[in-house]
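Both complexes below contain chain A, partnered by chain B and then by chain C.
The block that comes next holds the complex of A and B.
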């Protein structure tokens, strides 16, 4: 019955332009994955908590952007300025109420806690906002930039640009500020950091806040392109985990590079092999990564262990 | 440190208790009065299919309200025993709960083929009637079940009708091409609904000798469909048939616009392309897209006067109960299926005894033109390959015009003339609405 069988591509116009277009689409998709994963890798890098509710924070940010657009006519890129700090506070709250009490507990407990948070948030959203698909239609939602025959989606390009900016921002933060150094110190060795006079509990709070603020940015950037509904987080969170593992848990550069690699792989597998298998290909890579190089491309060896050191 | 921890724990505990109490008070089921007629309602009301499940349930709910205002069924008010089934596992357990705890004898549902397949199995085992409004996969009624009835047509019909339209009308009339010269691309989502309907469309296209350049499945959860769009673009089909759920349907159309993928005609086969959420998301870009589905927006001249009146009353009541919404395909199916049960089947059976209901359903004979979707109702008898499916139901071809669905084919139900070929994205940008 033609189940996923791809017919031969003879007689088709696969020229270099199309191949480059696939590459460009892949890179732009990678930008989206990167912008979502930066927050996740940040949280994991510092607190060693795998935040399974990451997708739901994204959902929350997307809903925030949607409601600001619906009630105040605020453009998603402008509501970024409100959603980001709001998500920072949400992150602080989540860390204080859910994570902090169980920091000393077994890693399995921590996983359960964030999974529980994830389910609770999904259903709370369903209760309050119902299952409808909400989308934001802006003048540039489907705008395209044409560059020599190549078509570049503008909202995707913007998301890509933001991912780059965030990576650069974090690089500067880590290298030149006290906060950045404190974050890195806690990520390396919590006890020594405490001995150095760093308020570790505060650092945890801040890193969760910052990580969630990052996903707030992602939510605002995604709204012009996607639609939000209570379970939208689940569509993105698995890929975010793959990106974080590939790039190295705790590495910002890793999140960006990992995102790009996954995006390009997905685009080409979908085009050359079969759309049904495009996710399968990068999940295979995910498994191989976990088997042979679990600390990822840019991560510290040993950084992949959950729980405190 | 301990002090702070204590304060936090107490706060969380009290907050948790308060929330729990509030939630519980909402969750306690209303006790049905002794003379109420309790019917199970199994739909996806949460999760990815919730949008459509809820819409179908709205239609059913309008039917219930209306019948209760007319004195109920056999003098008893109808009450739903509601069950939420976001996936097949929940469908099975909820069906068990409805049967064993709520003690229903009839379960109505469920919109999704995957859910219906699972839940009806439970119902059949327990000799409970399963009354399906919206799931189309052929295999559902091909298991020889005795207590299963499906009010609408088979999924393969959706696919066949779309393929027929492309080959018989679009090709010769608008493209001046013989089907054998036409290149067609088909994509379908990879669950039971997609593979049944899409698979049928592919087979039908091949029967016409059309050149099927692409016939691919993809996951409905994909966040990016650009690789499929680019693949299709490089293959240059004249027409496309797509079997998509709402989120992927919207995503695909948006990315087709971004990547400048044009076809002369595009038909959906239910789900995405029959929902008002489609034009809500893509605006005027939805115009001129075709859809194969049971009829909404049909020419009522060929309905019986009774059905004409019923349709008018239904639409008004629906918009009154749910301001801002008009009933689309799924809501109408929910209403139609429920009304048939309330008005014809249960009274003929004299109650909720499953065997009597079964008999009454098998004897049901409603002529073509006497339901609000234009068909008649006659269930395939036991022993038939598709026993339990309504053999008089069929899908028609509709087209979005001015962001509303109108039937364009067949002539009998056509409300408007079809406008083809589809404008290119450039033409749309230039302002051709």
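The block that comes next holds the complex of A and C.
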């Protein structure tokens, strides 16, 4: 913000208000990225599997929200209550049918099982729902809140609020519940956790379910302000990978902070460099991050050993 | 190579007949559509073959190969459109450009392992596509580039599908020949070794980073040629089609379905997978877009879960059975080869102290914890030196410091009088003549015992027959002659320990570091192992051995060094050490703690 002021003092066209505006929209956007990334990082932290199909689960959630709206006129924020548990079940199903059988396989094969799942789901959607862009028109889709000259999009604000709630919820879950502790234990050492009487297979199932439920929430929150189409997941999952690597694989704090950072970077690079290059900017950050600090901002050195924190 | 000299054998003439059928296909098939399908099968087989060199042999799962494909397509098309340069030369240009790009991105990214490497390749592919769209002055952005339809050999544009078929056959033969050659060569063995276990690969003297770089550059070059073929075949390129993640996935998917890491896998995979997409597109039309990729995805999941070694593996046995019934079949004969020449090591200096290995005041700290603290240790030529100490004393850390798996924080290490401190990575130390085994054995699990040792033998030769003969000789020596063709993962723990020893021996070391090669063995096996270690010493190899079994240490070693909490607390003959008060305390203390 200091930078914005100095820019405006120089008489540049970029004034402080614009900078704050970009910053705010970046942070709000980052909230959604954080929710998606929390799910991804949780699945990785516990099962050590990078779920390449995570984006397709998001796509499914967005379509779910869309159809509930189209057929039953259900408000996306209400359908969140249906989509989230439904996605939880989808996550369980995917874990049970695809992930469980390959847990002992080589990492190479694990990657490919989830890539296969991603390809299959994406193209099933293309087959059934075609490539059309679909969105829901709500009364608040384009409404904005004006605070001291700042324009804040209502759906973005709502999404951010939900993201904050979820982050707090996860913090409490990990800190105070048995399930949370069991998740952390399995994340740290599968075998020791088993010896402590934790049903590891069940924890794997639950982590996949919870991680997928996260994109259920994200899908419902995204629908009022975004389009859905069969490949929408690719865009978001690549962003989520960037976030998760930036924050540190398996780190919840990392997913939240990383989400915000990427949101802000995306907003500013779209604004200052070129909208067409904003993805390139954060992919370059992604590669640099992988090279110089592969354990991320909040992960531990030796990324294979990271746990949930 | 000698197999090629016998066309009368079914393993030679059956593939040749298959090739002949494809070459003659245009005579029998009139429909341009069927020819098109055949071209696409060969095209994807070749690209998958190229991917397989880095993705399969080396196990580096790249999902960014579309970048190399697109670079090839754009480079040759642009130089053709701008300067009228024939795509024949443009292809080489594009290939080199792709190789350079592959080097630039892989050089840093190969430090990443497993999924992290895959993610970085995806990001690379995405960045290249975004840039191709953005720099429209050069690439015309999303509009794409059109190649004028002027058929001629120089323009690499043809009227008939048959010409493209021959081009595709040539492309597939080229990639397959290169893949086949790599697989049999030293490089191929190095790639498989590092795929199975990167640390163990370094420990047999493989420059893993360099091997991966060579593989990815070859792979990128061939993939770029595929891009050139595509642009000449379709005569139109745009960023979304030549730089798509789907394309990267398809290269990998074909190889995995057919059989990852094999030369036949990509070809089998393409014959199974490619027709699905081509027929789905033609018969079902636009209303069923996505169907073929849906089928791909499902087949991929099923193959990964049920047939992780691919459909080719499943077909292999019936195929072998068929070959055996055909006329001219003869069992494969192992080639005779000259022995691997002994490695020329720097002689141990006779003057001065004459130590083979000398550690001076070596320290290694892990976040303040002194795993090694100012340790002095020397190994004399021809000696068996025992290294003992309670758990956590720093014995294995010392091995890791000597072989450069960890750099020491302080101190100096000399080998044959020459300072080797800070020589990294580990393979350079191994090549100087220090062999090592690992406490937790690290065999290359998915290859045979023989192949495991062959990898070690390649440390001192580039000749495959020679390496093979050497490996067989060493396996006989360690008493594993009967187990050569068994996969390493099927061996018992005692056999794995011997295999590990054989693999280290194959690197022709002057000094051998053995980390608990007796642990977990029964008394008979221990006795055999002791005899074996003695025999190895008789061949002139000096040995530094970590061992917990006191009986073994006492009977085997000339001298013993005792470590405790990272410090050397005693040194001397077995008799001296066993009566040392501090040694007894250290061990009793340990037992006291356990009780």
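In this text, the second predicted complex is superposed on the first by the 289 of 309 C-alpha atoms of A that agree within 3 Å, B and C clash if a C-alpha of one lies under 4 Å from a C-alpha of the other, contacts with A are read in each partner's own complex, and residues count from 1 in each chain.
The definition used in the following text is that a residue touches a chain if its C-beta (ideal position, glycine included) is under 8 Å from a C-beta of that chain, and two chains touch if they have at least 3 such contacts.
No experiment lies behind these values; they were computed from the predicted model shown.
Overlay on chain A: chain B and chain C clash in the combined arrangement. When the two structures are aligned on the shared chain, A:133 is found in touch with chain B, with no touch to chain C. Of the two partner chains placed around the shared chain by superposition, neither chain B nor chain C is touched by A:193. In the superposed model, A:217 lies in contact with neither chain B nor chain C. Judged by the touch definition given at the top, the superposed model places A:236 against chain B, while chain C stays out of reach.
Contacts of A:286 after superposition on the shared chain: chain C is touched, whereas chain B is not.
In the superposition on chain A, contact of A:46 is made with neither chain B nor chain C. Contacts of A:153 after superposition: chain B is touched, whereas chain C is not reached. Contacts of A:252 after superposition: neither chain B nor chain C is touched. Applying the stated contact rule after C-alpha superposition, one finds that A:203 touches neither chain B nor chain C.
One listed stretch of chain B collides with chain C once both complexes sit on chain A; from 4-12, 58-66, 94-102 or 346-354, that stretch is 94-102.
On chain A, the patch touched by chain B and the patch touched by chain C overlap at residues 101, 123, 126, 130-131, 230, 234, 274, 276, 279.
Residues of chain A touching chain C in their complex: 50, 98, 101-102, 105-109, 111-113, 115-127, 130-131, 230, 234, 238, 241-242, 245, 274, 276-277, 279-280, 283-284, 286-287, 290-291, 294, 303-304.
Residue ranges of chain C in contact with chain A, taken from their complex: 59, 61, 63, 105, 108-109, 111-116, 118-120, 122-124, 126-127, 130-131, 133-134, 245-246, 249, 252-253, 256, 260, 288-294, 296-301, 304-305, 308.
Of all the residues in chain B, the ones that touch chain A in their complex are 5, 8-9, 12, 45-48, 50-51, 53-54, 186-187, 190, 195, 198-200, 202-203, 212-219, 221-228, 230-231, 233-236, 246-247, 250-251, 254, 257-260, 277, 280-281, 283, 285. Interface residues of chain A, counted against chain B in their complex, comprise 1-7, 9, 11-14, 18, 21-22, 25, 29, 32, 96-97, 100-101, 123, 126, 130-133, 135, 137, 141-142, 144, 151, 153, 225-227, 229-231, 234-236, 239, 263, 266-271, 274-276, 278-279.
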